[in-house]
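Common to both upcoming complexes is chain A, partnered first by chain B, then by chain C.
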Partner chain A sequence: MGLGPRTLEKLRRAVGRDHVVWDAYDLVIFERDASITGALPDAIVYPANAEEVAAVLEIAAEQQLPVVPRGAGTGLSGGAVTLHGGLALSLARFRRIIEIDPKGRTALVEPGVVNYDLGLEAARHGLFYAPDPSSQKACTIGGNAAENSGGPHCLYYGVTTNHILGMEVVLSDGSVHWVGGEDPDQPGLDLLGVLVGSEGTLAVITKLRVKLLPTPEAVSTLMAAFPSIESASKAVSDVIGHGIVPAALEMMDKVTIGAVEAHYKAGYPTSAGAVLLVEVDGLTESARELTAAIEQILEMDEAFEIRVAEDPAERELLWAGRKGAIGALGHIKPNYYLHDGVVPRTRLPEVLREVGRIGEHYRLPVANVFHAGDGNLHPNILFDLREKGIMKKVEKAGEEMLRACIDAGGTLSGEHGIGLEKNAFMPWIFGPDDLAAMQAVKDVLDPSGRLNPGKIFPPAGQIEPKLIARSGVASEARWW
Partner chain B sequence: MAIDVRRAAVFHGPDAPSDDDLATCVHCGLCLNYCPTYRVTGLETESPRGRLYLMTQWTRGGLPFTRDLARHLDLCLGCRTCEAVCPSGVPYGRIIEHGRAELERVRKVDAKRTTATIVMRQVLKHPGRLRTLGALMRLAQAAGLTSLSAQGRQLPKLSEPFKPPAGNVARALGPTRFKVAFLTGCVMPILYARSHEASVQLLQVAGCEVHFPAAQRCCGALFAHNGDLKSARGLREHNERVFASDDYDFLVVNSAGCSSHLKDFYDGVGERTRDLFEFLAEVGLPPPRHEVRARVTYQDPCHLAHAQRIKRQPRELLSSVPGVELVEMPHADICCGSAGLYSALEPEMSRRILDEKMDSVLSVAPEQVVTANPGCQMQLEAGLKSRGRTDIPVRHAAELIAEAYF
Partner chain C sequence: MVTVDGLKPKAVEKPKTAEALAARLSQATRAGEAVIPVGGGRALGMGDPPARFDLALVTTALDRIVDVSPADLTATVQAGVTLEALQAELGKARQFLPLDPFGSPGHTIGGLLATAWSGPLRQRYGTPREFLVGLQVALPDGRLARSGGRVVKNVSGYDLNKLHFGALGSLGVITEASFKVFPRPLFEETVEASEAQFADAWREARRALELKMPPVALELLREPDRHRLVARFAGSEDGVRRMVRELVWAPVAEADFWQDHSRRRADRWVRVAVPPEALRDVLHSLPEAARWWAHPGVGVAYWVDFEAGQVAAVRAAAEAAGGSAVLVAAPPAMKRELGAWGRQPATIELMRRVKKAFDPAGTLSPGRYVV
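Entry: the complex of A and B
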């Protein structure tokens, strides 16, 4: 049992000598993803194809080792953190776009392909891949599928699961399977739907067939400034209430606007209490009509300034503010804890008020920048990691904000996943029967529970989350 | 495998990276796909996020220092692409320079790096010795001696070195609009005299009276990039005095690594420093006089595109020349693997990166490759030579633009 020299030798034979790393110092870099939790793996393996992944999983099965798949490590819920040690299975060598089928409008890709790179390649054929997480320039298609990632444009186009047609996966016993196929509508049980969003707890993805869409003929982006969060929230509900579903509908609050304007000069009025960014796309005619209709609704809802981007450069600038918002907040405090909760659109104002109150209570600055169209909140708690005892406060505030979402009839996560960030809160929204049903699925696909253990399902006992501490390393990681 | 976390910090000298700088990294990973060494290895230890994490451990006392770990810092090109894409504004360039300074302090002797430092200190700092070396190299090339070593083969064919005009002033063509100083630099006059001539011609066309202060020396960028901050400081202080001695409107620099270093570190002079293309785009050139027929691709020097965020200006100037067809290669702003002394110190990684670069260059079938930094120029020349494509010349973009006027 465990990871002795003989197991390491087997792993090296399976994936090549250079592709197994266990030097304690290399492991440190793998103790974290982009979340604020961490724990060390025992070794990192870098397989290059499904056969090697299968071999690694077989060895892990023999030795009863946990296995945690990892893409670019940009996840925000601790999905790639090796909570119980074992093997970190990096998919960094799966970087090939195997095929783009411009006629069938699909692509066959390896899981380590970066979301943005797929977009670039698709653009050469007049196509695009719709899910666009804010980390799209680094995150991978495999990771997106594992977390069922969203993004600003998922309001109209749907989240990742709507864009995956089929996947090659390896189960924990080392068997390789194809689920789904070339077409969106497959007969039989929707196993693909089960696997997308399973956060690496059911299978390791080794290939994906994804849907590509034709690049829209016209795109129109407008910025609208409102006196308050309330008036902007009402406008969001009204736009969607009129039966208009824009491609994207994003909101930024006063704190965010201030930070963005100080660094990007995107042209958001600093006197505004909230700014909305609305984008519509489609045929030139319909985009124009929709923009006019939206403008009218926003004006009725107290928008005091509306600017429609005149050219691609102006559109880029409007978006630069939104996409760079989180980084701009780094100038207020060096660290942030980006939370992810969902509320019914109509309850946005009251929940945002509560979020503000919680921040004040803990004396932590909070900035909101989020996908308003889906009611997908992203409160950013800003802090300095080096402040003593700060992590406990940050964690507590985050939990209360999430509770406020649930109390308003919302849910735990819009797009970041549950991971080990929120698994303890799963009983807030699922009863024992629901959780037992999910566990039954897990038991069929991963009977020994070695694939990404400690994620999604609530921990049996009270386990302290392994938050990063002052030194920047996980405070309670196994090795120490 | 137990690690003593309470061990004292490795990085604690006066030039150690600042904890405030390191704290700005939020570990989001957005830098990964932009890092040339991560792109070719797929290893997070060879990524900006990984390197920052290691430096953080060394600064805060998390991990002891080992030789193997030093490799991860050594393999960084210092291209600062990560800095340009970082949403949190991590000052990576400053951190890695300080990290390297500390590395040189704590690590045991490394023959290759020691030799490089000695050569830098003994030659680059002294304009006279540089000229002598250049003359010797020309003789060696004429006698066919340089082709005996790999490094020697990498050198471009040397012609007469660049010499400033009599009185160290070149007059404006037409009315004088600006009085500018020109950084002649250390290796540029010897390796690429034509780049300087063309740059000066363009400045004259733009209405500049160009001065070449005789006392100027190497700007110190190469020293700073390789962990010798003390020498860099000495050169900076010297040059600050030289360039402050007259009322120049601007200090114009045609080598990206140097202009970036001047802007980042030179007091007073830094604010008046302009990259050549940044300056020309700002003040404007008269309409071109000749057509220059060429299919050209432009390689962004990292210290121009990332350290100074100058990408648009050189492209606009090139496109304004009638007859020039500017074709974008994929990932034009990703490093070519030259990175100053890197190609000599880390030849294997440098070659892997250059190989990807050559695929990109050749994919757009250019007749010429242009760039704006001597290191990139040398590296690209070596790459094309290795692919047997010496028919494609690599030039400073100024040379091509100047053809439209002379």
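Entry: the complex of A and C
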């Protein structure tokens, strides 16, 4: 479509001449996030503060342009994709850590701050920021808040929403508000709680006050190898069943182990059917006591090799394998489609069996690397896009895997969000009345519907769940 | 008999199913009636006196424990189930909901969620805001809307659980709730200390909170002749013992301090809530002979048996510190004079728009909540 010169000029005046990009060649960079679909924006704007964001939103209102906030673009559900064109609103210039308050144990940060960088800064005060998505070296705190992201350590510490105290947000009418705050039990409705996880469809986040926690005295990490996914799953249930909630409890299957070992040499036995990474932290005594208890449980559950990391370097290596697993899978096939269903953790073995069956049926390799303690599956379908007609199979397989999660009493997404990837499936878990209540909130906060259109809610008029027709989406996977 | 601030409804009904409750609610909306949801009926004094009150919708017949799954650490209950009934069920698997509200026993789950009423354990676990994973709510137009689900981790759709939590039933009547539950700690110990001077007590509280493993609950209680500190530690036995050694407080006097504490009640009750760092100064602004207790690590204090004339100064101090002082219970005349909630939130206009979207006819608890 392209924007008229007058609109571009207005945008340039609002954010500065260098901070509006519309050259066709540059727009391609923002065509996609880490999901499997893409679409081109008409322009990219880089505001630097809430006032500039407000000005951009006012111009967008005038011109009836969709606006899609964007952090690092690591999202896996198409949240940052400009499905209907319009403006990609990048928060890349919001990168200040404004304040760390070591006494109150909070930080005030801009949304473009990278998760890992906040961690480094907090560490200088003996503190840490708990939500740790595996993408933490790239993803932003704003993106984390918009997706309500999780990570391995969220089993014990909770997900992003449990760690955000307040936010400055700009609504689509250009009004700037502060929601939440450091005082507990605020009278009034919890707007903060609704805005976290709203995937850029309700507001643009321009500042966040987050909780920091004191670094634990001791950390103990152990790796356990099992003959099968079944025996590892049983071990997960048994650990929790013994009243132990470790800081993290992660599982990797045989396919993943092979890829990781080839790349990282993390020390996972390649003969294993599944590997668990278990981490406990806290006081030295507690970590010791819990590690011993967990070792005992895992042994009873057929673990054939258990290794407790002897030092920080060994722990880092065990984690490097887990956090780098998705990249390592590139050794098997160049492309992946990573899913994110949740099931009650007792249903893990049967759902994983079903996931395996679906992969075999479509002759697609599937690697499982996931947050087992939470029952949060990540079946990762591996493929090569150059194979003709493969996308149809990949999508069909993914849909069936999600269906298996729902049939087991689970949900569509544990942490990656709905975006445009799963909005068509929302009717699987929410009826018209449930969705209408969500729509009511959307209509209040973004009456124009201009903020990140086409996400979360099923496409208009859709009754039966189906994948959106992707033909309308620009240049599918041209850039892989 | 159900009365709210002296007002009697024309009718009291106790629907047996969520569907029946929703149908009755929508009928009331169409008839222009004012409805107040009632759980155990123990905290009906919260909020401003209602403008109108035609129908009390009592939830106590919704008393089914729908699902408890120990291996999944989840539980789903209807809104009229009492906290004690749920705890008894969870206790069978050595699990619990980490919620120990004052005014126990007898709270219903719906009432607890609507009031966001909590207790000392929030120091470690937070309020149910942090572990509520799903809701079913009857809306004024008769629809039953679900949000969240039954699994512990879920980002599907907007998190409307949080919108209803603490909304005092102003947007809908909670009919069912799902929680993430927790294993009971392996070992617990409670210790206490006393200080004559407030400043010394506050310093001791800070010391406890800065331990490598802070207490799961820490109370500072103003008693006639002393400031009393009570700390509850939970975790592995060796760890707890070391913390207790490092703190050097004495074993607590009562056989079951926490149960006695959670049974506290009063006719006049203010909840002060400020950023934790500011609580010290706000507590200092309370009248010399005031009766209060506080969660120093959370930033919340409860002040009971005050006089109307004393509230304005404390409220001003709390609001200046960026917080609130809410009259959670008081005679209706006093609430009319002072207002239950204090200063309006800065985002009140947005909140009103949300309220209007959910309850355009103003059916639910008119006049009682902030919106």
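A few comments on the model shown:
We adopt the following convention: the second predicted complex is superposed on the first by the 456 of 480 C-alpha atoms of A that agree within 3 Å, B and C clash if a C-alpha of one lies under 4 Å from a C-alpha of the other, contacts with A are read in each partner's own complex, and residues count from 1 in each chain.
The rule we apply is simple: contacts are C-beta pairs under 8 Å (C-beta built on N, C-alpha and C of every residue); 3 or more make two chains touch, one makes a residue touch a chain.
All of these numbers come straight from a predicted model, not from anything done at the bench.
Shared-chain residue A:178: touches chain C; no touch with chain B.
Looking at the shared chain after the overlay, A:304 reaches neither chain B nor chain C. Looking at the shared chain after the overlay, A:29 reaches chain B, while chain C stays out of its contact range.
Between chain B and chain C, it is C that contacts the larger number of residues in chain A. In the complex of the two chains, the chain B residues touching chain A come out as 1-3, 5, 19-20, 23-24, 26-34, 42-45, 49-50, 53-54, 56-57, 60-63, 66, 68-69, 85-89. In the complex of the two chains, the chain A residues touching chain C come out as 103-104, 147-148, 150, 154, 158-159, 161-162, 177-179, 181-194, 196-198, 202, 214, 216-217, 237, 240-245, 282-283, 285-286, 288-290, 342-346, 371, 374-376, 409-418, 422, 426, 429-431, 433-438, 440-445, 456.
The residues of chain A lying in touch with chain B in their complex are 23-26, 28-30, 32-34, 46, 72-74, 90, 92-93, 95, 112, 114, 116-117, 135, 137-139, 263, 323-324, 326-328, 330-331, 334-336, 384-386, 470-473, 479-480. Residues 69-74, 94-95, 116, 126-127, 129-130, 137, 139, 143-147, 149-163, 165-167, 171, 182-184, 186, 212-213, 235-239, 242-243, 271, 273-277, 298-300, 321-324, 326, 341-342, 345-348, 350-351, 353-355, 357-358, 370-371 of chain C are the ones touching chain A in the complex.
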